[in-house]
């Protein structure tokens, strides 16, 4: 089992590296998709296939697709100014510092190294999740619908104005 | 476009939906007719031979008249001249011993022929007719047919017979008024 | 696999996202970085949820919430990117200095 | 073996098999390349410009609405599974959720997102039909 | 037409140099471009800014060929100009030459010509219905139409000996007489067709998808039609009752009772309706012609052997399936025409495309071009 | 959590089970695709008063097999200027999820390769992966038709995914589970199919499924009269075959989902479960063929507005009513 997990982790890291390093934004999006798929696999390993399926459906099937649409609408991909190496270096420095600093904290934090607690299966079931959503976290449930409504309206307003702009 | 009323829109929705089912009914009727009544319109060509109409227009050939058991082409080149596709090459002329002229060469390029039938119209001896070929295929650009080929073996015999006929005719002419007659061709246009 | 491994992976992903946000100039590439960071956070939640929490629904709900927010964020962000592109015909972050006084 | 692990194996094996299916004919098939064999197909004419160009924004609005909508309705899955024991409160929550969802459609509809309009007056504009 | 983008539309926004504009070639090798038409579309997004038909991929120089052969030798060419209504073109050419040479045509031949031409017109319209529905995605009606068309082809095959490029007409008559079998077959076909039309109505015309795809699409109004010389069903769909058979009757068309169907909308749906009703009118004409067919010869008693018109020119037009087909014959007194100018309907109809297509969505292009019923060899003659 | 015992668990070695399972799924799908293509050609022929394939094998049954062999031996042409990684990977990305999704279905009581609690969501998730593949194909080909086709295809698929999921949500709400086998079992327990209670959802599902699988009258992406072949214009040989395979398998998969959700899956009298299951699936597939060979194609904008203006609100309304009625009962 742990070999599979390790493999998934490796894939996730490779995908992330592709996503941040590829010049072609479209390829970068597909790199991101690889990471997301691997993460979905890890979510399954972590016991929640439902969240994994959601990750695939929303991120891979939804968000990355929207991004690809955006790329197709915005620009001819290879034609954006390349990053200067100075900038890249600076960014790498910041990222590495962050990585090492927080990494040291994590390693030093002495996280519990026990294996996962065995909980009754129905606690992991989707039905339980649904009950939680309807019960304790119903605010999350409703707030999210409002947030998404606002997002849809915002997206429509912005893109509508753009359309009118091109029209006039 | 007019903005329909609410009921109008709903009604249109349902008529539209219904029209789809009517369409499905039509296709299902045809489906049934094909698989239950076995009434399909396909002709399985290599297995079933086509029935050619009487007027079927194919590449031309020379008629073999029963009286003479040969063609009557005199090599006058009328067809060669009228052919819009220039696919006919005819040659002919005097043959030793008989009065009648004979074609010595009648070649036709099937690849060029547009099957218009003008050559039939102009033939003075009406010795041309449409063949019944329908599955001819050329394998190169030089797809020429020698229309005289089937007559060639009989040509000496024909000349001999023709000589006799002409002699008999001459004798008859000497006795009575000359009688010119051409054998009739079946299915000929007036 | 221990909890630590997941946390470290999440950290790596987060750093990668951070790098992208700082280094890239294409707005969509920056958005990719942001998504990476969000996912790193989700992974963390899921890992702790698995190894520590007693009610696994908590972490899952949080992650679902993050995913939902990410979707909303992407919808708005992409619209803005598109609007910017439409105005300027390019989507490089550095060129967008209109507000710089 | 866990069912989900099996599923992962299916994916991997499918990938491998698919790869074999694609690579095998590459080795077996004839190779004959002419001057125009590798041209991009555009009805027999040399392509003018790259295909990587800008497209209608309408597509994109659909993509955005879809993303938001999909998140919404996927949330309904756990809720639907847990609906049975949730009582009238569950119904109220789902109803509120769906109504808010419908508002989004209503808004988009009112804004004319679903009407794919041409920018200019369509077709002949030479005057009214006399 | 030139390779450079032409500002076909007077709209100021129709700017092919727009930074977001791109060029999409539709045709010459496109699954549903009829023949080898190439449409060079300058588009922004899915919207067509400038549509530019590029023609000439099937050019065979018919007009030039006419100058290099005598009147008779051009006969087989005539039905190859428009192979879908070849009979009408063939007979039309004969009639044009007969007008120039002042040849009388026997009654029976006149009637046979009308029967053959109208059957051919039905066949052509049937083919159009099939291909138009195919263009908007319905495959099955296409085959039903071809099934019906096949009946007509069989009938014509029986009297002319060929199925597509008939060289049936001769100066002064026709090549072959019709027999009773043909007349019976024609009557059977008329009955069959009358029962098939309601079926098309259900399957195609009433179908909501078909209506949605056709209504309001590709509107050609009267002015556009007049400006570009659009004739035939496209013109009648715009509400102009112009039909050469009625307005300048040729042959014996004045003896038949038929109507010129018109619609007012000028869109694809109107063009469909006009064609369907024209099929009905043609059926009427054939019924009358078969009923009234007189006995007699099919060629003049003394057919001319040499066709050598006097110096001069004449114009003759017939109503082909796609519109007015005119022939302007100039004779210099020799056996060979000095000039034969063909006025083909598809050419004029297609020339309106830059105007009609500009501002439409690419999805409608195929439907609009399909609804014109163009035949490329006729345009490229 | 322990998944219920499945077919694979009964074997000695789990790996053997997996390999056998993949072989079974692939074999089933391949035979199905070959048969479906043959059936499609036959059905279209019968509707159009023709005969269809007759020459290869009895009733032309092996015609598609011959076609497949031909495709196998065809040259794979890679046009210049393609985006190589995307172009080459796209067929695989479209193909693989199909195999995984097909393994989730219960063909009979107990006859299920993977009995997962979230089977329904997983089927949709695998369907969602295909969007990415289509984009890769369209973009990678560097062809205007392909790109236009891909844009349309994805826009259409994502739009119709909404009513599709909403329609199946109604069933989930009624049955309280996303496990495909349990949904089926519930229907045979109660003695009626869910289509009886959810006719509107079934119709919505069927229409949306037609659009999801790009079948006529929603075959815009491949509308050959407009876009040549849509996103796979530039693919030849076996690469094209993979797209084709995925397309027909998708038809099969959505029909299987519909069978499970609305037609009671394997349940039925007298005949054994798998027979019932496949009978129902093939009836649905036949229905899609009948529809395909009858109607013309919608225009793209009409298609989209139909989805968002008619289908989705209808599906939401249906879900609301379902929730309300379920509370009352």
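Order of writing sets the chain letters: A, B, C, D, E and F. Residues in each chain are counted from 1.
Simple rule for what comes next: a residue touches a chain if its C-beta (ideal position, glycine included) is under 8 Å from a C-beta of that chain, and two chains touch if they have at least 3 such contacts.
A quick note: this is a predicted structure, and the numbers were derived from the prediction, not measured.
Asker: Stepping chain to touching chain, what's the minimum from chain D to chain F?
Answerer: 1
Asker: Find out how few touching-chain steps suffice to connect chain C with chain F.
Answerer: 2
Asker: By mean C-alpha position, what chain is farthest away from chain A?
Answerer: B
Asker: Counting C-beta pairs in contact, does C-D beat E-F or the other way around?
Answerer: E-F
Asker: Any idea how many Å lie between the Cα centroids of chain C and chain E?
Answerer: Here chain C and chain E have centroids separated by 62 Å.
Asker: When the centre of a chain is set as the mean of its C-alpha atoms, what distance in Å lies between chain B and chain F?
Answerer: The mean C-alpha positions of chain B and chain F differ by 53 Å.
Asker: Could you put a whole-Å number on the gap between the CA centroids of chain B and chain E?
Answerer: The separation of the two C-alpha centroids amounts to 27 Å.
Asker: What's the distance between the Cα centroids of chain A and chain C, rounded to whole Å?
Answerer: From the centre of chain A to the centre of chain C is 6 Å.
Asker: Considering chain E alone, which of its residues make contact with at least two other chains?
Answerer: 22, 24, 30, 46, 140, 144, 147, 203, 207, 209, 216, 361
Asker: Can you list every residue of chain C that touches 2 or more other chains, as numbers and ranges?
Answerer: Expected reply: 64, 67-68, 71-72, 74-75, 78-79, 82.
Asker: Please list all residues of chain F that touch 2 or more other chains.
Answerer: 47-50, 116, 121-122, 139, 144, 147-148, 151, 154, 158, 161, 176-178, 228, 293-295, 300-301
Asker: Considering only the defined contacts, which chain F positions touch chain A in the complex?
Answerer: Listed in rising order, the residues of chain F that touch chain A are 1-2, 83, 85-86, 116-118, 121-122, 124-129, 131-132, 135-136, 139, 147, 151, 154, 158, 161, 176-178.
Asker: Residue numbers of chain A touching chain F in their complex, please.
Answerer: Interface residues on chain A, with respect to chain F: 26-27, 30, 33, 47, 49-50, 53-54, 56-57, 60-62, 64-65, 68-69, 72, 121, 124-127.
Asker: In their complex, what parts of chain C are in touch with chain A?
Answerer: 1-9, 11-20, 22-26, 28-29, 31-33, 35-36, 39, 42-43, 46-47, 49-52, 54-58, 60-61, 63-65, 67-76, 78-83, 85-87, 90-92, 94
Asker: Flag every residue of chain D that touches chain A in the complex, lowest number first.
Answerer: 4-5, 8, 50, 52-55, 57, 59-61, 63-72, 74-75, 77-83, 85-86, 89-90, 93, 96-97, 100-101, 103-104, 107-108, 111, 113, 119
Asker: Where on chain F does chain D make contact in their complex?
Answerer: It comes out as residues 3, 6, 8-9, 14, 17-19, 21-22, 25-26, 71-81, 88, 91-92, 95-100, 103-104, 113-116, 121-122, 139, 141-148, 151-152, 154-155, 158-159, 161-162, 165-166, 169, 172-173, 176-178, 228, 233-234, 237-239, 241-242, 300-301, 304-305, 308-309, 312-313, 316, 319-320, 323-324, 326-327.
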